[in-house]
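Both complexes below contain chain A, partnered by chain B and then by chain C.
Let's turn to the complex of A and B:
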């Protein structure tokens, strides 16, 4: 079984819990006391991930770090429909790669602001918030035109991909870093769609959506 | 900054911002709105805070009929914004004063318009045809609306027919401090664009553009991208300028107290029963054999919030007053639908409704009262209806179905043609279990089967003819159902009222002692002495005139209280019940 080194309040760990739930993959979570224990900087954890970052998974002898990398691995290995990470579709893989990098940008801005406000990290919170707003504007425009063109998800596939899962958590948690989403109406609608994917689970600070209207 | 004009209509969203089952987060002149479209199409614009803990309702859940707060699950009804359920108080009906503030909403030109205190109609746009306009992506700008509107006067764009050109002539056709109309012409192509700048807050705004064109397909997208690019550039310039100025203070919205009409008690009528509302019979229809359905619409404004199980008093043209349950599902707040069975021995109530009242007639009705509240915390809920007893239980079943909670609706009727509101029943799918043509013995056996196997977390709601309720209640008790899990509502009290006793009633809060002689009711005597007391059926069935007993032994003659409540002796129905002890102290 997969082992997830997990912290409940981490959006990056949540990404993996979310995808594994949607894929119906069973896993064992090993809680790591990120705050206040700083267990991710402890000797035993650094032996697993010398970067001292969550999340990490162990699966079948493979130790893998980095949320985006793990999403790619899980989808490629455990999604027989090949929708979440279409390994045979180079264009789609390119699109996904582009948005996974974008998700890293969301982590370094929106998540940083949240760590500053919630866990007292010494970050430049104004810069983090401004950076998040810049990214959200870009994504909102992308999603708004997507709706107009009949595209519901971040990539051009007619179904969600790991790119949606990678971007979702730190967008949903942005208010905890003082970054309102009021100006991003298309992002807010896309969040509802993500919440309606079968297998969706919540975390602290992420609320469920109401069921979609019956067709 | 001068005091903003709150009487002007402004667009606060685009129609495409309001898909079903979504809550849009809007703001106008500092005041935030939760904006949501119900499944019936109605657009709700509400103060963006839950009346309980002030959490934003824009993060709540739109289930198509109600908006549910994410924090403690308070539910608010479509249209009225009245609270319909408080999960922490599952056995109680929320007070009618728990009603959120609503604002007007008009959809026009693909935009949703609102204002705090609007005067007049949404302005007509010269040159734009309703229904064939193209609504641009709204562009939020971190700059004051008037500065953005000023900039828009010199906005330059290509007409839709010549997007690739460069030399369009753009003429300013009209402008105000928050809107600009521009016409772009080049080589025979001609497009009118109207821009509204929504004043979100002192230093924030949204540009909402409407073009007089209904381009389709790729052309439509190209036009929208053209403007998105140009307006984003305008936004960046406006924000650079605004960043160089001191940031204006946010506009502080005023949060009003509960409205006067909610806070006031309705007028008193000579008989003490109030009929504050005037409704029109919008539709009279055959709900089943011998059952007439009435759809009652307000003459003006909105009907008050109702909860499943609630009833209204209908004041009939012949002076009679009768109680009817509201059968509506949650969020169906445009009208009340009631069902009236023609009673063979009618004393004028159902006969009048069937024979005299017609479509278009105006009736006086009371506010809805809910003395038969529905718990929504049961693991499973059983509804057992006999005949016209379906009406309150139908409203309840629809509420549980909307929340996807487990229930079964057992409907005892003579035959299929006597089953009322078949369209509503059909929507319940397999949760509806008809039991047709059973005699009393077979009904008893069926009730025994249904009530068999009580488990904690189950609730049963009964409504139907007296003998059936008596049978169901005694079977439930025998099979181990606690009184607290068995809920019932009688149509009428068939007990013979013994009003031969005379006794003294002390009103603890009013500091009054009154004599109730034989032949008079407590209700009559206290009203005569100026004490306000609501009532409805005045025969001990509906529970409206319920009162707390502080001291003394009540002589229960109603059919509202259950056996445990009767034994406890702490409640009394003042319209029929009396006192066994010489003195009764009431919490009035």
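Let's turn to the complex of A and C:
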């Protein structure tokens, strides 16, 4: 069974829990005392990931770090429909790769602001917020134009991909870093669509969509 | 928000300014108490606290894994928690989390069972078990608020719970910004685990919640205790940060309580009677 080295309040850990739930993949979570224990910098954890970062998974002898890399692995291995990561579609893989890198940008801005505000990280919060707004504006326009063309998801597939899962958590948690989303209506609609994917689960700070689909 | 605190009951009391676990040797940690900017620095087993403006030292001490400071002249000691000295308990700092709301709101939320099914769905409550049964509230001889006979059905009351159970709670407001709960231990039903929430009033509309947990060791380790505490508290955080107004209104007509809010009603009255105004919207004279 997959072992996930996990921290409940990490959006990067959450995206793996989310995809595994949607794929119906069973896993065992090992809680790492990220805060305040800094267990991700402990000797035993650095032996697993010398970068000292969560998440990490172990599966079938493979140890893998980096949330985006793990999303790719999980979808390629455990999604027989090949929708979440369409390994036979080069254009789609290119698009997904582009937005996975974008998700890293969301982490280094929106997540950084949240760590500053909530957990006292010594970051330049104004720069982090400004950076997040810049990315949100770009994604909001991308999604808005997509809606005009009948595209509901980040990539140009008629179904969600790992790119949606990669971008979702730190957008949903942005308010905790003082980054409101009022101005991003297409992002808000997209968030509701993600919340209605079968197998969606919440994390602390993320609430489910209302049960009934809007008429 | 910039107004200095003039409540003697707060100025002359001890407040947490840092969890020792987050301090790095020799590196100043920025903290803020009652609107006053502070720096906390660890030196080996010791830690000192200074005021950023002027660099004057602030009276400080360590207890329960935290650094405490008093801006005035201490009128009493740090709250004594007998269960923190019982050998068969983990005593754990649960992870300090900043919340953009008055600390009085955080205390009141901690006292509220009514939100369990809606905010802590699947953990501390679920539908349709939403009823808060009547409970008792009294003010003790020690001038604490005590709520007893609190019961709530919880799907996962604790990391060691094996399925849903009716959980007994006792709540205690110990100081204006300090509140504790005691709940049944799932493995030793006769004994209670305790969580004390020490709330650091950063300023009138910002606080830091420092949960301190005293859990019976049987069947549980410290990372799991912290995991569960943060899971639960991070569910409360967005709710708290969206409360309007951010300060706690003390006027009895300001917000409409229901029977389940009996302990909140007592808490607000208790604050009024003790002239606590910092973090509050005082009642009209």
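Note that the second predicted complex is superposed on the first by the 210 of 215 C-alpha atoms of A that agree within 3 Å, B and C clash if a C-alpha of one lies under 4 Å from a C-alpha of the other, contacts with A are read in each partner's own complex, and residues count from 1 in each chain.
Quick note on the criterion: a residue touches a chain if its C-beta (ideal position, glycine included) is under 8 Å from a C-beta of that chain, and two chains touch if they have at least 3 such contacts.
Bear in mind that the values here come from a model prediction, so they are computed numbers and not experimental data.
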Q: Look at A:158 in the shared chain and tell me whether it touches chain B only, chain C only, both, or neither; answer first, second, both or neither.
A: neither
Q: Have a look at where A:97 lands relative to chain B and chain C in the superposition and call it first, second, both or neither.
A: neither
Q. Is A:205 touching the first partner chain B, the second partner chain C, both, or neither of them?
A. second
Q: Using the touch definition from the top, say if A:176 reaches chain B (first), chain C (second), both or neither.
A: second
Q. Is A:8 contacted by the first partner chain B, the second partner chain C, both or neither?
A. second
Q.
Quick check for you: in the superposed arrangement, does A:120 touch first (chain B), second (chain C), both or neither?
A. second
**Q.** Shared chain A contacts, counted only where both chain B and chain C touch the same residue
**A.** 207
Q | chain A - residues contacting chain C, complex | A | 8-9, 31-33, 35-39, 117-120, 122, 175-176, 178, 203-205, 207
(Q) Applying the document's contact rule, which stretches of chain A touch chain B when the two form their complex? (A) 141, 144-145, 147-149, 181-183, 185, 188-189, 192, 207-213
Q: Would you tell me which residues of chain B are touching chain A in their complex?
A: 13, 16-17, 19-22, 24-25, 27, 39, 58-59, 61-64, 68, 70, 137-138, 140, 206, 220-221, 224-225, 228, 232, 404
Q. Across the complex, what residues on chain C touch chain A?
A. 19, 21-22, 29-30, 93, 95-98, 100, 222-224, 226-227, 230-235, 237-238, 241
